[in-house]
Amino acid sequence: MKRFTRRTSICALSFTVASAITLPAVPAVAQDDTISIGYAVARTGPNATGAGITTIPNYELWVDTVNKSGGLTMPDGSRRMIEVVEYDNRSSNEDLVRTIERLASQDEVDLILPPWGTGANLAIAPLMARFGYPQLAVTAVTDKAPEFAARWDRSFWMLGGGHDYAAGLVDVLSTARDAGTINDKVAVVSVADGFGIDLISGARPAFEEAGFELVYDESYPLGTSDFAAIMSEAQGSGADSFVAFSYPPGSFGMTKTAQSMGYNPKAFYISVGGAFPIYPGIADGKAEGVMAIGGVNADSPAIQEYFARHTEFVGNPPDSWASAITYASLEMLAQAIERVGLDHEALATEISTGTFDTVIGEVKLEDNQLRDLWWVGQWQGGAFRAINPADAEGASTPIIPKPEW
Amino acid sequence: MTKLIIPLLALVALAFAPNFVSAYGLGLLIGAATYVTLASAWALFSGHTHYVSLATVAFYGTGAYCMAVLNEALPYWAVLLCAGGIGATMAALVGLSTLRLQGVYFVIFSFGLAELVRQLITWYEVNVTGTLGRYIFLDISARDIYWQMLALGAATIALTAWIHRSRLGMALRVIGDDEAVAAHSGINLARVKLIAFVLSAVILTLAGAITSPRYVYVEPAIVFNPTVSFLTVIMALLGGANRLWGPALGAVPLFLVFEWLSTNFPDSYPIFMGLLFIGVVFLLPDGILAGIEKLRARRKVQS
Amino acid sequence: MILTTLILGLVLGSTYALLALGLTLQYGIARIMNLAYGELTLVGAFVLVAVFQQLGLSPLIAMILIAPAGYALGWFLYQGMMRPLVKRSGARGRLEVDSILATFGLLFLIQGILLMLFGANFTSISYLDRGVNVLGVSVALNRLIAFGICVVAGGALVLALAKTRWGLIMRAVALTPGSAPLVGIDVNKVARQGFALGTALAVVAGASIAMYQTFSATDGVVFTMKALVIVIMGGVGNVKGALVAGIALGLLETFVATAIDPGLTLAATFAIFLVVLLWRPQGLFGAR
Amino acid sequence: MLEVENLTVAYGKHIALDNASISVQAGQMVAILGANGAGKSSLLGAIGGRARPQSGVIRYNGQSLLDMPAHKLAEHGIALVPEGRGIFPGLSVEENLRLGAIPKRAREGATETLAEVFNLFPKLAERRGQIAGTMSGGEQQMVAIGRALMSNPEILLLDEPSLGLAPIVVKEVFSALTRIRAKGLTIVIVEQNARATLALADYVYLVEVGRITGSGPAEEIKSNPSVERAFLGGAVAPVNA
Amino acid sequence: MSFLAIEHAVKQFGGLRAVDDVSFSLKRGEIVGLLGPNGSGKTTLINLISGALPASAGTITLNGQQLTGLRRDKIARCGVARTFQLVRILPSLTLIENVKIPAVFGHKAHWGAAAERVAKDALAMVGLSERATMSAGDLTYIDQKRLELARALAAEPELLLLDEWLAGLNPTELEEGIKLISELRDSGLTILMVEHIIDAVRALCPRVVVMNSGKLIADEQTDKALTDPAVVTAYLGEDVDA
């Protein structure tokens, strides 16, 4: 009896394994008249929120736009419709890696769009390199971007590094301090994960060099939901500037807490989430003067047109940081395909060296990185406008001190 | 002897499998092998003792972190050795203090443990080393990872088989049936439970260390993903946690079902997963193998 | 500074206490270890937001509607899902593990439904979001309201349990279910009531959290963990214990955040929790 | 009033009570005597809804009790004081007693009943606020009996009220039973304390190894050597006499 | 010199003294009945000897070695084996596996063939050899009791504690059971048995100790004890003048 069971279980086991292996042997035949594009973005799990705001709507908007216009244009002038293969990576790198393998080796899609998040983009980089796909790593903020671009030459890093954003912020605050509008004390909090650490470790020396004193400098864990204690400490620190290297829940929570406790620093900066379209609602309509990471040239007609289109298609405007860049990366992809076709190597070379016309203006990558970025933005008159680099075209003038809540 | 030959042939076949499958097929094999290992290692301790541990990811994640921290400083095999040692030490400390907790208290404790480890590592990295994400740039192919995981899984099942025949396994089964009888028969409850817990933890830690190079980038929030703990439990229970092949039999189909669900119904995946979970509890409380046996016994009675 | 910590901790702790009340009833009276508890609170939170945004109903009025709806939800959940498990387990003590696994399934089920209905976005509303001066410390009005709900709900529950016949029956079942049939108590009915009431409290807690905090469909586990920690610290089924432990936890977190390091608040929570589990598994205030 | 016919109770494979029949008239005090493990508690447990009989009939005022859930019995005027007392150790004495008055039939007049119980057990009145679990065994037994009385029962089932009590406390309990009986309540008592019980009961059943081996009016049984045998044996000749 | 010595053993549960200053001793090879009405503390005393409960005070020694304060498994390895009032078999194991456990983990710690032999011998002793590979959960009540005794015997104990091992048997089974224990007695095993079936006690034990309300009230020859007024009162209660 017992032995019999054991044998059956082995049979069952080998059967399931066999079916697992043969399962992928049925290939999804890519038809010639379409281009298959695959992506595995988080629809569930902790990354779903970010992906749901920044990545997925733009992918869907772009595919819809392209297909409505008759498809992607090939070098020979023919048009091919986009066919999407979409998976959920469940916010787990383990699932993500396997899904990319699936897209590349079973579905054999023509192109793979990247997932949301720094960690996710890094996790797939070696695979993308191995399969030869170009990787438009948009939503990845890392100081090691140059290193990665060198390591995987078909990867493109398009959102800068933590130091860039920190330096941009310090620049904004220095100008205000030099003008005498704020004192040289700063209260800064940072979320304890790779992103927050990157920013704070870039910001500390930058603030010091600019002659600022960090009178409050603490990190808080992911998942913190109550910020009353932190904000009250920051309020009592005597700093005119409040800086948070934070994720959306923290950015929102700190805003609300600051408002309700009547904490009115002259400069109020938050990170991810500050450029989200829902932010003014969260700030109860008092977002004016709040600074955050990113920004767009709100006066540019292209951006305005993109915002309108996005609003119409998705139901709400895009976020004013990585959304436009995500969309721009897709436009770059489309233009590169029009110039060189679908050959991965040619495509990668073209993306790396070409110049493209996108919603964020004319784009040319430097060493596989997008450097022409907005580091700091600010809510002004209901729009999130870029304010730094101050010398870039389209930069708005910062409003410091921020009006009281 | 035939008992040994079939699994060995299967193992050899599985070892050659990468030659015949796509990269995705290999990814599936790695995933399946990982969960077979995790579920079997989990069952090694929990299967007979009925201690539902949700600390799987505490060890799995620690293993991954060891690899991330040490991969540049030490040769690969030494990192694995270290990971095993750290897992064992951690399990011994935890086991000594907690294996007297029973029922739901142990469940909650083990879940809290995973969270605590994650928070402490985060705090340490942020405040002491000043980096949180770590990179693993090792020249290890997916195939190597698969072979290592396959070997670890096979070793786990072999170890389980050996334990089932040993005094330790006998003691574990008695403890699961009736702790009082076990003690009055001369079994040292604390020691037996601790040994099994440590063995299980070492395997879990090694599994984490072996898979981590696949993700390149390691961060506490990524490697201490509680879903891993939950999946491990449900897989082992589905197959039958107190049988040698039960965890493997639960892990493989469930892994494939989840894969299929998440590729075909990405939006409603959690709903299916929830229903599946409830279904297992209601319909197969003792696992597939026990269900099959019951069915067969019933048929025997009828005929 | 100490006063600030005290007041902020008290307000935070009241939320935690409210969150834990329902779970302690569910585990103490119905003996169901409900891992989907946090998801139930999220249901309350999402419903409040939906009602507020779609129907323009004031959250406080919505709360009055949400509570009985939560009771009904809990009633059906118990009758449909938990009761068969209770029946099956008999005296064999399987219920604990079975209920953990089944409610784990429920966790995913509810999360999936919430994701389908409301998406993965962060949700929040602005309601009475202005500061009020309490002894020189500025506290958000909506938080004070949540504090008030906690005081009212917790106080009413403590009073009802201590002073009414219903409360006596509840306590009797919580302490010694085996003896309850002797005095004509239908344990199944009381367990169902306990579970339903616990669910009602869960959704009320969720709704009051929604008044001031940003949340998303995947946040349930955080709520469950916090509630579990408090329930264990307070002693399972001990309502007063849950209230005290909830407030103690709020004070502790605020204290750690201000005096030590905000990075250690969650670690401190879990560390305390583990210590309590090992040192006094019956809870700090448990008599058993 | 209460008829038990051909009742068999088994726990798994162990038959605890085999084909037992008893009959109780209103106002009677019926004692069931026997050694430990003879099956008397199983008999009472089956009547009180705590054990599921394998076969047999239990009728109470003509109504079958077999399918009645345990918690409904109190509503029908049946009060059980089980072996081990079944009180709520975590609640106070008064709360325990008030819980006894949960059945609808008991709610009206609960205050008077409480006064009566306190009258019967003055100790309980003194200690009404004490947590029941911290009291001595005898006091806990009084709480259990008092609580049963609070349900305004027609019939009181007592399972070994003298269990584990010091002789002096046993006396106290039995003197209370005497007074309860004087009020005309029907009582079924299972005991191993034969002498005290025989002094009180109207009718007696003897149980040995799962079977009823004798019955009769208490006066008759008292003088019958079978009682002693039921407790102290004698059938098998001693080997080391 | 006494083999098992219980000196001033006390077990306190809250306000209740379940075992109250009990002292007596057993000689090697002796069989003694432990009597007393329900709730008198007999099982608690067995639990103190076997280590299931720690004693609140007093000492218990076996062959000069102190048992009080030792863990249950250590006491088992000192050569103490017991059965349980409510039979406790291991339902998911076969008969032979059930019995093997104390042979493997007990004080002789056999393994392999030796353990097998001890287990088989123990099963043979109680007459269950033919069903050795059956699942223990499928046994009848009397056979479960037998199995439990076999398990205690497979420990090759120096001291055997039987807690109402004969309870619940029908008359035929009872006779078999008595025969079995008398065989054990004749083999020189020291036995302390809690028993309610007085006939069996008379048949097996020349000497009994009697407890009531936690106290030792008699320690004498069986027939003497059973006519001792204190013992009779303990069982039948005092006359109450109604």
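We just call them A, B, C, D and E in the order they show up, numbering each chain from 1.
In this section, contacts are C-beta pairs under 8 Å (C-beta built on N, C-alpha and C of every residue); 3 or more make two chains touch, one makes a residue touch a chain.
Every value quoted in this text rests on a predicted model; they were computed, and no experiment measured them.
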Please identify each chain that touches chain A as well as chain C.
-> B
By label, the chains that touch chain B as well as chain E are none
Is the number of contacting C-beta pairs greater for D-E or for C-D?
-> D-E
Reference chain E; chain at largest CA-centroid distance = A
Once you find the CA centre of chain B and the CA centre of chain C, what distance in Å lies between them?
-> 32
Any idea how many Å lie between the Cα centroids of chain C and chain D?
-> 43
Give, as an integer number of Å, the spacing between the C-alpha centres of chain E and chain A.
-> 73
Enumerate the residues of chain E that touch no fewer than two other chains.
-> none
Shared-interface residues of chain A (touching two or more other chains) are 43-46, 192, 219, 221
Multi-partner residues in chain C (2 or more other chains touched) are 111-112, 115, 261, 263, 266-267
Can you name every pair of chains that touch?
-> A-B, A-C, B-C, B-E, C-D, D-E
Contacts from chain C onto chain A in the complex sit at residues 1, 4-5, 8-9, 11-12, 111-112, 115, 119-122, 124, 126, 129-131, 137-143, 212-216, 218, 222, 253-254, 257-258, 261-263, 265-267
Please name which positions on chain E make contact with chain D in the complex.
-> 14-16, 37-40, 139-141, 144, 164, 167-168, 170-171, 178, 196-206, 213, 221-223, 226, 232-233, 235-242
Residues of chain B that touch chain E when the two form their complex = 167, 170-171, 173-174, 176-178, 180-189, 242
Mind pulling up the chain A residues that touch chain C in the complex?
-> 43-46, 48-49, 51-53, 189, 192, 218-221, 223-226, 228-230, 232-233, 236, 248-249, 252-253, 256-257, 259-263, 273, 278, 281-282, 284
Can you name the residues of chain D that touch chain E in the complex?
-> 12-16, 35-37, 133-137, 160, 162-167, 170-171, 174-175, 178, 191-197, 199-200, 209-210, 227-228, 231-241
